[in-house]
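Sharing a structure here in structure tokens format.
Note that the chains take the letters A, B, C and D in the order they are written out, and that residue 1 is the start of every chain.
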Amino acid sequence: MLKCSYDALNGIFAKIAENAKLYLPADKDGKTDYTKWAEGVEWSNALNTARSPKDFFFPQVEDLMKFKVEGKSIAIDDIREESEDFVVFGVRACDVRSFDILDRVFLIEPYDSYYASRREHGVIISCACTRPTETCFCKTFGIDCTNPGGDITVWRCEDALYWQANTEKGEKLLGTLGLESADESAVNAQKEQTARIMEKLPLAKLTTEGFGGGKTMELFNKPEWKSLSEACLGCGTCTFVCPTCQCYDVKDFNTGNEIIRYRCWDSCMYSDFTKMAHGNNRLSQVERFRQRFMHKLVYYPENNEGIFGCVGCGRCLAKCPISMNIVKVMKTIGGSAE
Amino acid sequence: MQRIGVFVCWCGSNIAGTVDVVAVAEALKKEPGVVFSANYQYMCSQAGQDLIKNAIKEHNLTGIVVCSCSPRMHEATFRKTAAAAGLNPYMVEIANIREQCSWVHKEMPIGTEKAIILGKAAVAKVNLNTPLVPGESPVTKRALVIGGGIAGIQTALDIADAGFEVDIVEKKPTIGGKMAQLDKTFPTLDCAACILTPKMVDVAQNEKIRIFSYSEVTDVKGFVGNFDVTIKKKARYVKEELCTGCGACTEKCPMKKVPNDFNLNMDTKRAIYIPFAQAVPKVATIDPDYCNMLKNGKCGVCSKVCAAGAIDYTQKDEFIEEKYGAIVVATGFNPISMDKFDEFAYNQSKDVITSLEFERLTNAAGPTAGKLLRPSDHKHPEKIVFVQCVGSRCDACNEKGKEYCSKICCMYTAKHAMLTRDKYPDTEVYVFYIDVRTPGKNFDEFYRRAVEEYGVHYIKGMVGKVVPEGDKLIVQASDLLDNKQLKIEADLVVLAAAIEPDKSARPLATLLTASMDTNDFFTEAHPKLRPVESPTAGVFLSGACQGPKDIPETVAQAGAAASKVIGLLAKDKLTGNPCVAHSNEMMCNGCSSCERVCPYGAITYEDKEFRMPDRTTLMRRIAVVNPAVCQGCGCCTVACPSGAMDLKGFASEQIIAEVDAICK
Amino acid sequence: MQVKEYKPLIVAFCCNWCSYAGADLAGNNRLNYPADVKIIRVPCSCRVNPMFVLRAFQRGADGVILCGCHPGDCHYTSGNYYTRRRMALLFSMLDYLCIERERTRVEWVSAAEGAKFAATMNDFAEKVAALGENKRLEDLRCKK
Amino acid sequence: MQKITRDILVEKAVSLLENGTVCCVLGWKKGEFDYDVTPALFESKEEIEKDFVYDDFCGANFSKYLVKKTIKAEGKILVFLKPCDTYSFNQLLTEHRFDREKVYAIGIPCEGMADINKIRAIAGDGISEIKCGEKIVVDTIYGDKHEIDAKDVLLERCINCKSKKHVNYDELLGDEGEVIESNRFDEVARLEAMTPDERFAFWQNELSRCIRCNACRDVCPACTCEKCVFDNPKSGVENKAPANEFEEKMFHIIRAFHVAGRCTDCGECSRVCPQHIPLHLLNRKFIKDIDSFYGEYQAGAEVGSRAPLVNYTTNDLEPSEVFEGRGE
């Protein structure tokens, strides 16, 4: 374990930024979001960012290729940007888990080379939580917010910032930073303190009981879906703030001179989601609403060794215009009501 | 995918002088959808059109772009060309490379570059064109004429003569209108009744014509070819079908002091009356304001004397709904009220009268049986002053009168003056005028006869004041030619009151959505080229409701309106402009935004049942455009927030494609 | 590399009855105006959706002008009155978002005003040219 | 604190449900925490008594729900409307979006709703309890307690409340209020007074955060199109994500234009924006312009009134006159 003083932090950021783009949470206008580090950008104390860091690997809009059509010939232009190395600093445990969930989608056949390339070039420096909030429920999914993982983990202790590499990539980067070594006592103390707070969280007792692979038939036809989805506006807020939602649409944009094929996030909450020639797959908002939660809580774990598609970051709890969310769904549909 | 042909016209050197037409044709050949491209000296010539026709057939073209002069010039030509080759005429687009390119840009490279871009825009549009077929709507082969004066009578007779059914709605108990009140007519001096009443009889006897007298139009719905009209038949308390017009009731009715409006209230009639001897229909009518039986249930004399048993005190207003293909407005005119003209003492002296009152005084069927007697003391007037332009040709700021010339006053005053001198040579006649306006066949000759043969004193100048003094009227006036003030002791003063549209015209215009000018005269579709049509399709104008007119003009216009109606009714179906708005019912919210901006009332709403994707059904309000009424302005397409409303021929996608092509 | 001279691109929506005829008249009278002005014919100025205006800017137009019949002379009696309201509000909003106000204009041009049409286009093109390229409402994907 | 209590509303709802006047009740349902109230359709007395709430977190405007819910409902729907909600209600009626006969509307007074983001800014993380009383009392899991004056944490739209008057209802609970002279255009005026570069920077910064989640549109009572142009591939503006600055601007300009003259300024768009973009400043710009160009007009004040963009006068302001007297 290594450590650095908070005074030295700016210098360390500068060192990281020498070889890679560095992004970290910073406050602006009362909101926190990942910001490209430059001299003067302060690392935010906030628990988490409004937008999740999935953008770094799976941006909302990503150009895939360009092509020109002339007569019967099509000229394709591979416009893939040679991904630059980048470092995302200060990622919370929940969001770190989200990369694992996305990997299981994008890095299996058919292999998503766009995503893979960004994953390869990115280093994730996670940050352990110390002040979880009432909307946090990462523990429900077995995430330890005091041990967030990623390539490197930092602990924000009172006296210093503690660093530990978790992967080869992490070791390599950490080795270049010239930090002093440290014992783990401060970190351990902090872990214990955070664990005690975790017990007090209002959602501490939320469990995944009743969910998981194999529960499809049991849950699919529950009548409660109707009342849960009754007020759903069908907007895409939950999906777009979610760190694990990975659906996208591939579209063409005709600039007049050429066609840009790009992909952008899509939402299963939209009525025209995966609309095909025969029409829509899911015709009513109940079906669409159910799909999103069944996917996170049943279908995904069924295909991924029991790993749930939700990380308990709480963004959807804070952002849904009508305050409907996965916690309310789990408590109503599943067996985890208090 | 379309198969588009591009045809670049040289227009001699008009285009080719500043645009490299060969380069344009070559460049456009590469555009998506273009399979053929050619250039030619004069595309609009027979040879040019043949080139287009042959290319359409040979290359199976589905759309063509002609790069030539303005579409305002030859769009119609090339549409016909396309149609002749079996292509839908609306698959033609014109790139205006003459007026908007070669003629305004001097350098060949610039002109050529722009011409190519304009061509690309047209190609982009044609790629999205769809064949359009004009909508058709059936025509109800019956016309409605509103107003039963000479204008309405003549229109109805002409329409009926062509074999179509016509209904006349007249608000008075008889048709005949103003002309029925006149004595003689200028410039031939034939008696009005002698030429009008036979026409009235013709109307009554014509099997194709129905008369709704004592009736009003209360509602109009529908559109050209398909109007639904509600007519209110006011209760006349006499069964029309039973009344023989014998007149027994009108003689026996004890209520004798009812002002006789037909004689402009210069005498009285009974509470049950027939307006005049030749009235059509010759049916009695009870005036409910005066009839004792209707007012307090005491009397019933008419009922007792009526051998036919036609009297029905319980009669109610009746509403009749009829369908018409065309509507003719012939609501006529009235003299304006003289209330505001105190200087002429109209309200102070009975011997100051209007010209129309003078007509009745000289009419054999009038209150004096045709003898010219002063209303006050029934003496023969020895000195008569006629005042012209009372309320006509006023300043815009003068609230008393009208700005316009009433047109007929000069001639009828000359007529009155002449007839007076003819019958009563001892009577001195003065006419005060601003100008004497006599443009008409035999008009000036007529006026000059009044002056030269009949010795009427025409004095250029305006009467300033009329003061009743004893049994005389002191007329103070100025003689502008001799530049002196005059004071004439007259026995009778006759005011040539301005005429204005009938008061019923304004609400009627609202019902018909027909437009009016500030004076409440109906406006024409075009003041010169479509003078008898209203801008509202299917509504036509006849007579003085459109502007002041004399009888020959009115009759001429009545005939013209009739011929337009006949032209319309002769069609079995109406074909419209196919470039009309269309609402996609799947996207329409029924919010009424489109309806509110439509100037033609072409949009209505209906509740329609939709089968939803989840197999439920849903009732939704949706907009429906009547293609026969829509004129294709496209205002609704922008008012519509969902984009459900689009315009055929100028669809949003097409305009966006043009924008894109121009900007790329 | 040769620096290309900056030429503004101007899209002019002209109503069929007055302004398009006015443009034709300008042509008949050989009145010059910049070739940068490209006319799109619409039945009435009220057919122009604000979306078309934005589309033109997106695709690289530097100025957009709408021409219609003079108020009161609309072929469809009231179309241009609606245009007037819509565009007054749209232009005010564009200004609020700091799209230069000289880039948009509504001008009433009758079928008899060929000279006015040419003068308007000359003036508008000059003002737009002075502003330079449209940077505040551009879509970089559409730039060459 | 709200002057009218939850219990009065519950009693009313239950009695109307039980006597058959209505078949269901649109109301606010208790959430997981004390602030995450959800709009809900209550169908039984038990549901209402258990979960119905009315407190400082009941911002949701139910008017729009009536469009879909009235179609399906067998009988009348009881809806509780705050004063500002009644304007949306009227505007929807003007546009024939639901059948008035299928609604039983109860007007309820509103003292302004609280903005949880403002509370969180004061109380910090870990809110465990919020009590809405004279003061808003917030407890956190970290042992902090905050007593907050409700006036200090009002939603933006409530600070600039335009009316406490209900413009449509079948029944009114509590006292009727008045239309208020608000300062709601001050912020627009402040922006107008900026230099173009400042203002450009302001909007660039705000709109760049847009993630096009469509929450603003989907919550908007004026956006009830069967098919939105932004979802329609044929409209030419359809897109699922803002690809660049142009698309960010275009979406918000077009959306504001489509609701111009119809927007009642209910403020739901700004309330629900997950990125806290002050969208009301776009809508209010149109309202302010409409008021100054064509005379004051409040959408929804009257059923059937003619919205300014489907209306005109022959001597309206010319587009060229818009900027007269507004120097650069």
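The criterion applied here is as follows: a residue touches a chain if its C-beta (ideal position, glycine included) is under 8 Å from a C-beta of that chain, and two chains touch if they have at least 3 such contacts.
All figures in this text were calculated on a predicted structure; none of them were measured in a lab.
Q: Between B-C and B-D, which chain pair shares more contacting C-beta pairs?
A: Top pair by contacting C-beta pairs is B-C.
Q: Farthest chain from subunit B, going by mean C-alpha coordinates, please.
A: The chain farthest from subunit B, judged by C-alpha centres, is A.
Q: Taking each chain's centre as its mean C-alpha position, how far apart are subunit B and subunit C in Å?
A: 38
Q: Centre to centre, by mean C-alpha position, how many angstrom separate subunit B and subunit D?
A: 51
Q: Let me have the rounded angstrom distance from the C-alpha centre of subunit A over to the C-alpha centre of subunit C, please.
A: From the centre of subunit A to the centre of subunit C is 46 Å.
Q: Quick one: subunit A and subunit B, Cα centre-to-centre, how many Å?
A: 72
Q: Where in subunit B do residues touch two or more other chains at once?
A: Only 597, 639, 652, 656, 660, 663-664 qualify.
Q: By the touch rule stated above, which residues of subunit A touch at least two different other chains?
A: Those would be 253, 255-257.
Q: Which residues does subunit D have that touch at least 2 chains other than itself?
A: Touching at least two other chains: 229, 235-236, 243, 309-311.
Q: Which of the residues in subunit A end up touching subunit D in this complex?
A: 29-31, 33, 47, 50-51, 60-61, 131-135, 197, 200-203, 227, 230-231, 233-237, 239-241, 249, 251, 253, 262, 264-267, 270-272, 317, 319, 321-325, 327-328, 331
Q: Give every residue of subunit A touching subunit B within the complex, in rising order.
A: 69-71, 254-257, 279-280, 283-284
Q: Hey, which residues of subunit B end up touching subunit C in the complex?
A: Interface residues on the subunit B side: 70-73, 96, 98-101, 103-106, 110-111, 113-114, 117-118, 121, 515, 535, 579, 597, 599, 631-635, 637-639, 647, 650, 652, 655-656, 658-660, 662-664.
Q: Give every residue of subunit D touching subunit B within the complex, in rising order.
A: By the definition above, subunit D touches subunit B via 71, 94-97, 224-229, 232, 234-236, 258-259, 306-307, 309-311.
Q: What residues of subunit C sit close enough to touch subunit B in their complex?
A: It is residues 9, 11, 16, 20-21, 23-28, 30-33, 35, 38-44, 46-52, 55-56, 59-61, 75-79, 82, 86, 118, 142 of subunit C that touch subunit B.
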